[in-house]
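Let me begin by presenting the structure, written as structure tokens, before commenting on it.
Lettered A, B and C in written order, each chain numbered from 1.
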Amino acid sequence: MFIKNTWYVACTLDELAALGDKPLGRTICNEKMAIFKGPDGQVAAVEDFCPHRGAPLSLGQSCKNGVRCGYHGLEMGVDGKTVHMPGQRVRGFPAVKAFAVVERYGFVWVWPGDQAQVDVAQMPVFKFFDDPAWAYGGGLYHVQADYRLMIDNLMDLTHETYVHATSIGQPEIDETPCETKIDGDKVITQRFMDGIQAPPFWQMAMSANGLDPQAPVDRWQICRFTPPSHIMIDVGVALAGHGGFDAPADKKAYSVVVDFITPETETSHWYHWGMARNFKPGDAALTDSIRQGQGGIFSEDMEMLQLQQANMLRYPERKLLMLNIDAGGVQSRRVIDRYLAKEQTPNAQAHSADPQTEAKATA
Amino acid sequence: MFIKNTWYVACTLDELAALGDKPLGRTICNEKMAIFKGPDGQVAAVEDFCPHRGAPLSLGQSCKNGVRCGYHGLEMGVDGKTVHMPGQRVRGFPAVKAFAVVERYGFVWVWPGDQAQVDVAQMPVFKFFDDPAWAYGGGLYHVQADYRLMIDNLMDLTHETYVHATSIGQPEIDETPCETKIDGDKVITQRFMDGIQAPPFWQMAMSANGLDPQAPVDRWQICRFTPPSHIMIDVGVALAGHGGFDAPADKKAYSVVVDFITPETETSHWYHWGMARNFKPGDAALTDSIRQGQGGIFSEDMEMLQLQQANMLRYPERKLLMLNIDAGGVQSRRVIDRYLAKEQTPNAQAHSADPQTEAKATA
Amino acid sequence: MFIKNTWYVACTLDELAALGDKPLGRTICNEKMAIFKGPDGQVAAVEDFCPHRGAPLSLGQSCKNGVRCGYHGLEMGVDGKTVHMPGQRVRGFPAVKAFAVVERYGFVWVWPGDQAQVDVAQMPVFKFFDDPAWAYGGGLYHVQADYRLMIDNLMDLTHETYVHATSIGQPEIDETPCETKIDGDKVITQRFMDGIQAPPFWQMAMSANGLDPQAPVDRWQICRFTPPSHIMIDVGVALAGHGGFDAPADKKAYSVVVDFITPETETSHWYHWGMARNFKPGDAALTDSIRQGQGGIFSEDMEMLQLQQANMLRYPERKLLMLNIDAGGVQSRRVIDRYLAKEQTPNAQAHSADPQTEAKATA
């Protein structure tokens, strides 16, 4: 069960561009979609099912009407209604579901749920994507685990000491208690480590930023969850005693770890990860170097999450512990559960329509 | 559910020859068979299950009694009865099912159903295989899709425009209506396109046949379905205005696309495809070239069919459209359904026996 | 269903050593275990499930308290109780199951069942492992088949003629009747072939042992099954007429084929195979050569067993034949069934505890 009346990252604009006029087939919250550049150059998404013979529309290609099925040439509009098919009258053809799409921050965002409730105003805002003082680099992993295991992982960075011992982990992390706060639907878990040695990844960042990598630092980790499953983590180090997170820019190396976690099925998800930094934004080589480092670090989590998932499927009756360090994940799941309950109320469902006949315009 | 009291292509004689004295294990209509050269040089087929310990007989080898199990040396006759086993009295051993076999046209044909109803007179006749004025080349694909999706595909060549755009597809195909006729148990779907430019594949064939590949042509496609699942397609081009299909031999390039579609399971099949041509029959290089071209074209269909199958398993409740262009597949399925109903009647079943005890001589 | 209150080979000490301080994850009788060197240098085994968040402990590493989870640093003792976790009080944490372990003969042995019934005195005794006049070499195969199919295989060497025709098989094997005896819980199947030519593998052993490989020999095979699933096979050849099995050492080449068969799931097992020989024990190159030969021979059985298993899953209702040559396997299965029945009696179960709360010290 997923929150479906909300915005998820479906893919990057780069992924789509790399395919040329071919659509991208992707499943999001159990909805199988064909995502493609529509006739007006705007990205659109429709159910990946041709109403003629059930072929995946993602095997077709973009066309002036929307997307053309690669089997017999049916042309589907961005609203999920058949526009044209050679030699056929298409008026009575059943529509497929069309998904509202927003292009923003280099990503394609989709609303997989009830299209009558689509609300562009609910799109989350991330200022650093539009600020030239910041640079961004990231990647995508397909993870065979419940997306909530990734939320647990990211809302408790204690694991860095063990999973990422050679890059960002250090003993001080699990020696320092973390604090979890709830602010409406937001969950914040933070930890401050003062007067410590920076771990390898941050030494690299300090050097890149013109700081002595061996100097003692104040380090912070501030994990911010917002529903459905976006996690922004303020991370950084400042030369010790200059105010930590609030230190002036030339005394610190500061970034935001960006995590867009998109459920695929009950036991798999798409993990768009990245890092936005507010130093040396024009240094493309540094962006690549950080992306490579972060990609390596995050791949260390994947085996753990996938085998944790396997263990949970094997022992479905076992209850896991919820310790203080788990509070970030526990509270985030409570927010998710609240949203799920809200979506399941009859009132919320009153607007939802049958996927086969529903065909709303994309945003 | 399959028509089982009929002849299917099991394999080519070449496949069997390549294995030497090893049997070929193959599943046809859910019947697992070991196919081998029997003691008289004739091909035989028995259930791929040794009655001793259940080992697959296809791991054994041909022997003077039939096939010898590769585990403990049980020797099975071509009738499914154990003939010999070292140190054992085999009289009471349970028999396995033996399948009637016919070798014809370079193929091994089997009758997977009730062996009491085997009827060699029902073997289909294809004159071009025995006519020296014709040459034949072909191949085999294993397709993870219901065999009826392949019938749909071949009984509606509209898809050539989209799936095979660079070889045999051309816009005129879906601009020209097709006509479907029923003749008893045969279904014929045909399309005639006059005064057009030949597509790349046919330009090659015209050149090979000494015709100007740029000349305008009359093109025809006549798909002929016969149960259980054989489809012969008359295809060709003639210099425009010389009578099309009926033009003299030196004015046309003419072939028969041969499709023997053999169900494996409910969602997979063996696809023996090939082309018989009535020009330059002695040109082996041309045969190879055509085979290669056709193999490439037919492999384009495989991804489509397999993902169409996946979509149909995902949305089992959805009804597909049946348009005029689908009439060939729809009518062919009706013939299949009629045959299936006939096989399920009590009278037809009166002859079928328990597989474990049944052991009929092969044809 | 497996005999669980008994000792099985879990792995070799070499396998564990190769992993350094990483545990070995292995499933035995459906029990998922993390096997590791404990703080005292002794091998220990606990359930492969961290009570904190369900991560596999086998992804962690050995530590002074036992094994440390690789996710958040929980430290598990060899008794399955949590000893330490950074920043946490662990007293109330649920224990996981700990498995009694014995290190002997180069192997790690575990007792997967009720830990209250652990009995080191039940460890089987194999004198050749400790005798400097003997050498041992072996290997491990993972086989996708019910472990009892391997018992059947080894308790009936008739199959050598067919499966291993080029190495140890010879026609005399299935021409010579075998004899099966039951001695309490032991089952013995033996065959004596006098005055024959040695097959290739034994010719090599004769040469290695200074005997003329072309001389006629008396050959023996004495398969000895003991529960749960250990099979020792006395195999050898002596120069004909010198007493066979009882011939003096300089007239024979004599070995014991060692088979430790450890169930993994209902349809898979771990097969530790090897050969102990009482000639040229110091010749490491000979040990390697024999291991290589034996590994090749035993790999020939794997395809057969795995496809036999597939056939049995496909035809679950079919009964297999039980011939005289199958008596060894049939009788061994009877012993297993007797043990299983004994384990299922209420009295035997009175000692078993819930895996989640049970935490017994390892032996």
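By our rule, a residue touches a chain if its C-beta (ideal position, glycine included) is under 8 Å from a C-beta of that chain, and two chains touch if they have at least 3 such contacts.
Keep in mind the model is a prediction, meaning the values are calculated, not measured.
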Original post:
Given a C-alpha superposition of subunit A onto subunit C, how large is the rotation in degrees, taken in steps of 5?
Top reply: 120
Original post:
Any idea if subunit A and subunit B meet via the same residues, over half in common, or different ones?
Top reply: different
**OP:** Give, as an integer number of Å, the spacing between the C-alpha centres of subunit B and subunit A.
**Re:** 48
**OP:** Would you pick out the residues of subunit A that each touch at least 2 other chains?
**Re:** none
Original post:
Which part of subunit C faces subunit A closely enough to touch in the complex?
Top reply: 32, 48-49, 51-56, 59-60, 68-73, 85-88, 93, 356
Subject >> subunit C-facing residues of subunit A, complex >> reply: 152, 156, 158-159, 161-163, 174-175, 177, 303-304, 307-308, 310-312, 314-315, 318, 320-321, 323-326
